[in-house]
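First chain A sits with chain B, and in the next complex the same chain sits with chain C.
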Partner chain A sequence: MALTYALLVQGAPYTHQAALSALRFGRAVVERGHRLKTVFFYHDGVHNASALMTPPQDEVHLAEGWRSLHRGQGTELLVCVAAGLRRGLLDEGEASRHGQIASNVAPPFELTGLGQLLDAMEHHDRMLTFSP
Partner chain B sequence: MTPSQSLAQDLAELDLIVVLRHAPHGSQWVREGLDVALVAAAFGKRVALLFQGDGVLSLLTGQQAGPLGQKGTHPQMAMLEMYDIETLWVSGSALAQRGLMPDDLMLPVRVMDVEDCRAVAHAQLPTLVF
Partner chain C sequence: MALHLINRSPQAEAAYRDAGALFVEGDDLLLIEDACYAALPAAADLLTPFRGRVAVLDEDLQARGLSGRVDARVTIVDMTGFVTLTEKHDSAMSWF
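Our next item is the complex of A and B:
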């Protein structure tokens, strides 16, 4: 039976294994015929959404990995706005609201509230947390 | 009603368990975990908090923002009652390991033994760990 999955990612990219394990798990979910509906980035996991992420070419590109899940599956890539603002992750709207000189969160990543995390827990069959 | 019956009743009525395992200062774990609990309660979810390990320190009385320059989490703790989050579970062994008693804590809690924690795990409720 195909299940719908949500992931909660709380680890910063490259600092800890959590984000890469979450991405690999997300790909495996899809390969097994399930649906990865939502990835929610919280705590230091919000750094996964940086549009400026520039790893060396011989390393996995985490942000690109998340974007490819969105392209293939329509997976929602949700970033907690409060956790993001504190850590300097802003989309164009937030950057202009706060008078910042630049933004670094772009679609398909979306800044959103914690209500969306609770929605994902409630509406999908499985929710897994990846923390450092 | 015996304590284990009241725990079973709590478990039957809950929508979400938020586990807090970190000390209140030095990281954002407790703050951001409590944020999830408060938002869930504001959405009408019935939430329990389970304090384990250093997480029990976030319940200590007499906290201040302090010299670390962070806001601290005690103002959020004070808001729990207003959001009807009154199911507060504390690991008895975590308290004992830190030389603490329930009287040292700012809110009334249920002290959990190993059997209680086993019952919580077996209930398989939606759980977020911070």
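Our next item is the complex of A and C:
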């Protein structure tokens, strides 16, 4: 039976293995015929959402990996707004509100609150945490 | 019944102690990332509380050059096996 999954990612890209583990697990979930509904980026995990991420071409591109999951099956890519603002991860709206010169979070990543994480925990069949 | 995930090396004994304290009959433990080192025979004592219900992620073993060195009591699973374990258990707890 197909299950719905949510992932909580708390590790910064290229620092700890957490983000890569979560991405590989997410792909395997999809390959097994399940639905990966939500990925929530929290703590240093918010750096996964940087639109400016530019790794060398022969290395894993984590942000692009997340975007491709969204393209493939509409996976929500939710970023904690409080964790993001502290670390300089802002979408256009937040950048404008705070008078910043640029933004670096763009769709399909969305800045949201912790309420969305609770929603995901409540509504999906499985929830896994990937932390440093 | 729950799936427990540990990603810390055996040096982070607290993660193993805490997971072991909540581990009950029917639970499974999966070792990922640096927890692969706990699958070696030298770390067998650390896994006693998990009553032989221990698996380790093959991709992470290979990345660390540990293939072929795993304790015979530990099951090796690939990423699909990881997903299968989450199908079997309603909840998954990560210890870090």
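Assume the second predicted complex is superposed on the first by the 132 of 132 C-alpha atoms of A that agree within 3 Å, B and C clash if a C-alpha of one lies under 4 Å from a C-alpha of the other, contacts with A are read in each partner's own complex, and residues count from 1 in each chain.
Everything that follows uses one rule, which is that a contact is a pair of C-beta atoms (placed from the backbone, for glycine too) under 8 Å apart; a residue touches a chain by one contact, two chains touch by 3 or more.
The model shown is predicted, which means the values in this text are computed figures rather than measured ones.
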{"item": "Partner chain(s) touched by A:L69 [first = chain B, second = chain C, both, neither]", "value": "neither"}
{"item": "In the superposition, chain B vs chain C on chain A residues touched", "value": "C"}
{"item": "Touching partner for A:Y42 - first (chain B), second (chain C), both, neither", "value": "first"}
{"item": "Touching partner for A:M121 - first (chain B), second (chain C), both, neither", "value": "first"}
{"item": "Which superposed partner A:L3 touches (first chain B, second chain C, both, neither)", "value": "second"}
{"item": "Partner chain(s) touched by A:G113 [first = chain B, second = chain C, both, neither]", "value": "first"}
{"item": "Which superposed partner A:T129 touches (first chain B, second chain C, both, neither)", "value": "both"}
{"item": "Contacts of A:A19 with chain B and chain C, given as first, second, both or neither", "value": "neither"}
{"item": "Contacts of A:H34 with chain B and chain C, given as first, second, both or neither", "value": "second"}
{"item": "Chain A residues contacted in one complex by chain B, in the other by chain C", "value": "127, 129, 131"}
{"item": "For the chain A and chain C complex, residues of the former touching the latter", "value": "3, 5, 17-18, 21, 24-25, 27-29, 31-32, 34, 125-132"}
{"item": "Touch list for chain B against partner chain A, complex", "value": "16, 28-29, 32, 35-36, 39-40, 43, 45, 126, 128-130"}
{"item": "Chain C - residues contacting chain A, complex", "value": "5, 7, 32-34, 59-60, 79-80, 82-84, 86-87, 90-92, 94, 96"}
{"item": "Chain B partner contacts - residues on chain A that touch it in the complex", "value": "8, 10, 42-43, 82-83, 86, 113-115, 117-118, 121, 127, 129, 131"}
